[in-house]
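The structure under discussion is supplied below as structure tokens; questions concerning it will follow.
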Amino acid sequence: MAGFDKRVYSYEEAMQGIESGMTVLAGGFGLCGIPENLIAEIKRRGVKDLTVVSNNCGVDGFGLGLLLEDRQISKIYASYVGENALFEQQMLNNEIEVVLTPQGTLAERMRAGGAGIPAFYTATGYGTPIGEGKEVREFNGRHYILEEGIIGDFAIVKGWKADRYGNVVYRHTAQNFNPMAATAGKITVVEVEEIVEPGELEPSQIHTPGIYVDRIIQGSFEKRIEKRTVRD
Amino acid sequence: MALTREQMAQRVARELQDGFYVNLGIGIPTLVANYIPDGIDVMLQSENGLLGMGRFPTEEEVDPDMINAGKQTVTARPGAAIFSSAESFAMIRGGHVDLTVLGAFEVDQEGNIASWMVPGKLIKGMGGAMDLVAGAENIICTMTHASKHGESKLLEKCTLPLTGAGCINRVLTDLAYMEIENGAFILKERAPGVSVEEIVEKTAGKLVVPEHVPEMTFDE
Amino acid sequence: MAGFDKRVYSYEEAMQGIESGMTVLAGGFGLCGIPENLIAEIKRRGVKDLTVVSNNCGVDGFGLGLLLEDRQISKIYASYVGENALFEQQMLNNEIEVVLTPQGTLAERMRAGGAGIPAFYTATGYGTPIGEGKEVREFNGRHYILEEGIIGDFAIVKGWKADRYGNVVYRHTAQNFNPMAATAGKITVVEVEEIVEPGELEPSQIHTPGIYVDRIIQGSFEKRIEKRTVRD
Amino acid sequence: MALTREQMAQRVARELQDGFYVNLGIGIPTLVANYIPDGIDVMLQSENGLLGMGRFPTEEEVDPDMINAGKQTVTARPGAAIFSSAESFAMIRGGHVDLTVLGAFEVDQEGNIASWMVPGKLIKGMGGAMDLVAGAENIICTMTHASKHGESKLLEKCTLPLTGAGCINRVLTDLAYMEIENGAFILKERAPGVSVEEIVEKTAGKLVVPEHVPEMTFDE
């Protein structure tokens, strides 16, 4: 790899170094903007005992749901899970540990991790089971709980366009958790629909600056729709 | 008669003000978008990162990269903004959303809300609900007044694990519109043909009944 | 004002409601991307005893330096000040209280204020005079200090283009502190070079979503350069 | 002979590696950009929100909206990214910058640095320096070895208020290149024609002198 050329040309190379027991942060909301081919590569590699940080856990047979089939995930931080039968079964059997985390707190914990902020206070979850065991503190008469930043061994991210330096833009609401995940991986891998020349992306319009990105790969995507809703 | 889901949405929609940024939860809250009064413009915030949610797409417009927080395909209205989840919840947590409408299992007279977890049942998660109730100053809770078995959902103290503590000040049920103040539900309006007595009977928490409780009216 | 039309047509209207004793957050870095006409309007109004939160304090006769002439600022949170003689004089005379704040901490404090985060931990300033009197806490063997979010009665912001809904984009490095200031004002006023129709700004390329913005005004700008440096 | 400012910049530039993201402070650190070795590409981060700082502009290119952290007009190289100050310091604080080069008044054998404040003198502020030293794992400090009055700036313990605690591990002065380890300066290289004795004499903090201390060489 010369200079800032972060392109890799196979998914095997893209996920090189991932090992059992690692923590993986994944972008995506539902099935929107998920790094589907990077997930498939993790499945192919068969690494186990993963801790996954992601808003959701895919569906049966797609997205992070794929990693449930061979019980590759032992722990997940998510705000909403159980859109698939296999997940529910593993949760009920205690084969997977679920750390339910409010959506905004999850997003902020990843952002904090990437931004070198070890912890922050939030009102979210105060007085609820989520606040149990966490430090409570009052600021200006209101109660807040302490939440810690999260970083991962790997971050897997789905972008729209990127240049070889790893500058990334996201398309529409496929942005969601991807930019935060990108900042918080020790190794951040981004798969995109198109790789463009440096300079083609307007500098002030880049969502994820290349400094956060270690590897870029161009792929093709199924982009499954969870709830196709149309108007008459 | 108890309000229909559509009537509940209609009643909530009367709380909208011109220029409001609004987050609508799943279920009845979603229907509120269908009853925005004439002459009033509101901007819908979807917590997956969309401010200015538009109509559902036509078949041709369907785009897997454009969904709402309910994971439905949607469109963006002209002048919409799209951003990350961190930015979305910065808006929510920072109190920039003018009105949040969401469903609940239980609400109590202290403004506590339980909406995400029934012990013993499969727990799927709170999604963005805890952030929404902690962030908004202005929340309307919509739910049926009582369960199918006739048990009140308006309690002295929530029995289910909370979504947020002391954060609800308005509740619309199929029977009544109430505000929560100083540890009590204040009965403000009743559904057409529903008696104050029935509401009193079906409210387990402390209910303050003013001398006059107007009946809601609906055009249709 | 109907619906989401946040345009105002005079600077007087733009700064309506500002009063002596208020806290004003200002975007800008040096003289780059400063809300120069909004500052001039504050000068015109003669309000006093302002607390200003801004990375710098302008220069003699321009930018926030203007507010020094009539001693309108009693306290300033900034990372670097004293580029002008009047400021130094007022600082030496204790006519202005200066709360020096590391640049990244200042940016994050504004972001936190706008994002409903009352406080966060940062390693910046630990073991220095900036950390004195602040809570110290260890996370993973490293020391951090607690810093609080900042909000202002007014935020004054300089954008490039905006639509009438208050969606704003910034130009080049004139972005700097402006997006954070915009989120953290009880009343946020943005002056821009051009107001465009809703829909002209690509939704996913908006830097400041309109929800943060109360008033938009189109102005013209001197854009003074502090250190003109050219190559041969 | 003591190194010139240009030689100091040249020596620092040898620490650059291909693909490094680098933040250069004001003064000698800025000069480092002029000595980037052939075949090596580095990306300069400017903390006002620019990653991929380019050359100074021509007269025609000068743009008041395009400056660096030193407030000089600059350009952006192709593939640059521009962002807010919060994002810029997220990068810095989060440890994403590979190398930071900055000046100092004093450095001590524990890796403490003082660079922003001389009591009694007018204090203008720390700018981004405290964030930079707290965020980077890899910092090179550049300064003269001793003050004009001959007082060492490499101390047992800093006397001035700190910019950061225990964060410096490499120092380049006009006389020597040193690393800081286990509470001591380790002398790694000396300026051409400068004796170990002179360095020992001008270093107030604990200095470990290996058997062989190579002399730096410069092409020009």
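For reference, chains read A, B, C and D in written order, and residue numbers begin at 1 within each chain.
Basically, a residue touches a chain if its C-beta (ideal position, glycine included) is under 8 Å from a C-beta of that chain, and two chains touch if they have at least 3 such contacts.
Everything numeric here is computed off the predicted structure, so don't read it as measured data.
Novice: Looking at the contacts, which chains touch chain A and chain B alike?
Specialist: For chain A paired with chain B, the chains in contact with each are C, in label order.
Novice: Where the CA atoms of chain A average out and where those of chain D average out, how many Å apart are those spots?
Specialist: A distance of 35 Å separates the two centres.
Novice: Just give me the whole-number Å value for how far the CA centre of chain C lies from that of chain D.
Specialist: Each chain's C-alpha centroid was found; their separation is 29 Å.
Novice: Could you tell me the distance, in whole angstrom, between the mean C-alpha positions of chain A and chain C?
Specialist: The answer is 32 Å.
Novice: Check each residue of chain B and list the ones that touch at least two other chains.
Specialist: As it turns out, chain B has residues touching two or more other chains at 50, 76, 82-83, 89-90, 92-93, 134-135.
Novice: Touching two or more other chains, which residues of chain A qualify?
Specialist: As it turns out, chain A has residues touching two or more other chains at 108, 111, 115-117, 122-123, 171-172, 175, 203-204, 207.
Novice: Answer with line, ring, star, complete or other to describe the graph linking chains that touch.
Specialist: other
Novice: Got a list of which chains touch which?
Specialist: Touching chain pairs, listed by label, are A-B, A-C, A-D, B-C, C-D.
Novice: Inside the complex, what are the residues of chain B that reach chain A?
Specialist: Where chain B meets chain A, its residues are 46-50, 55-59, 62-68, 70-74, 76, 82-86, 88-90, 92-93, 112, 117, 122-131, 134-135, 161-166.
Novice: Quick one: which bits of chain A touch chain C in the complex? Just the residue numbers, please.
Specialist: 108, 112, 115-123, 137, 139-140, 142, 144, 148, 169-172, 175, 203-205, 207
Novice: Quick one: in the complex, what on chain B touches chain C?
Specialist: 18-19, 21, 40-41, 43, 45, 50-52, 76, 78-83, 87, 89-97, 134-135
Novice: Per the contact definition, I'd like the list of chain C residues that touch chain B in the complex.
Specialist: Per the stated touch rule, the residues are 1-4, 111, 113-117, 163-165, 167, 183, 197-199, 203-204, 206, 209-212.
Novice: Could you please specify the touching residues of chain C with respect to chain D in the complex?
Specialist: Per the stated touch rule, the residues are 29-33, 55, 78-83, 88, 91-92, 100, 102-108, 110-111, 122-130, 143, 160, 171-180, 207, 223-231.
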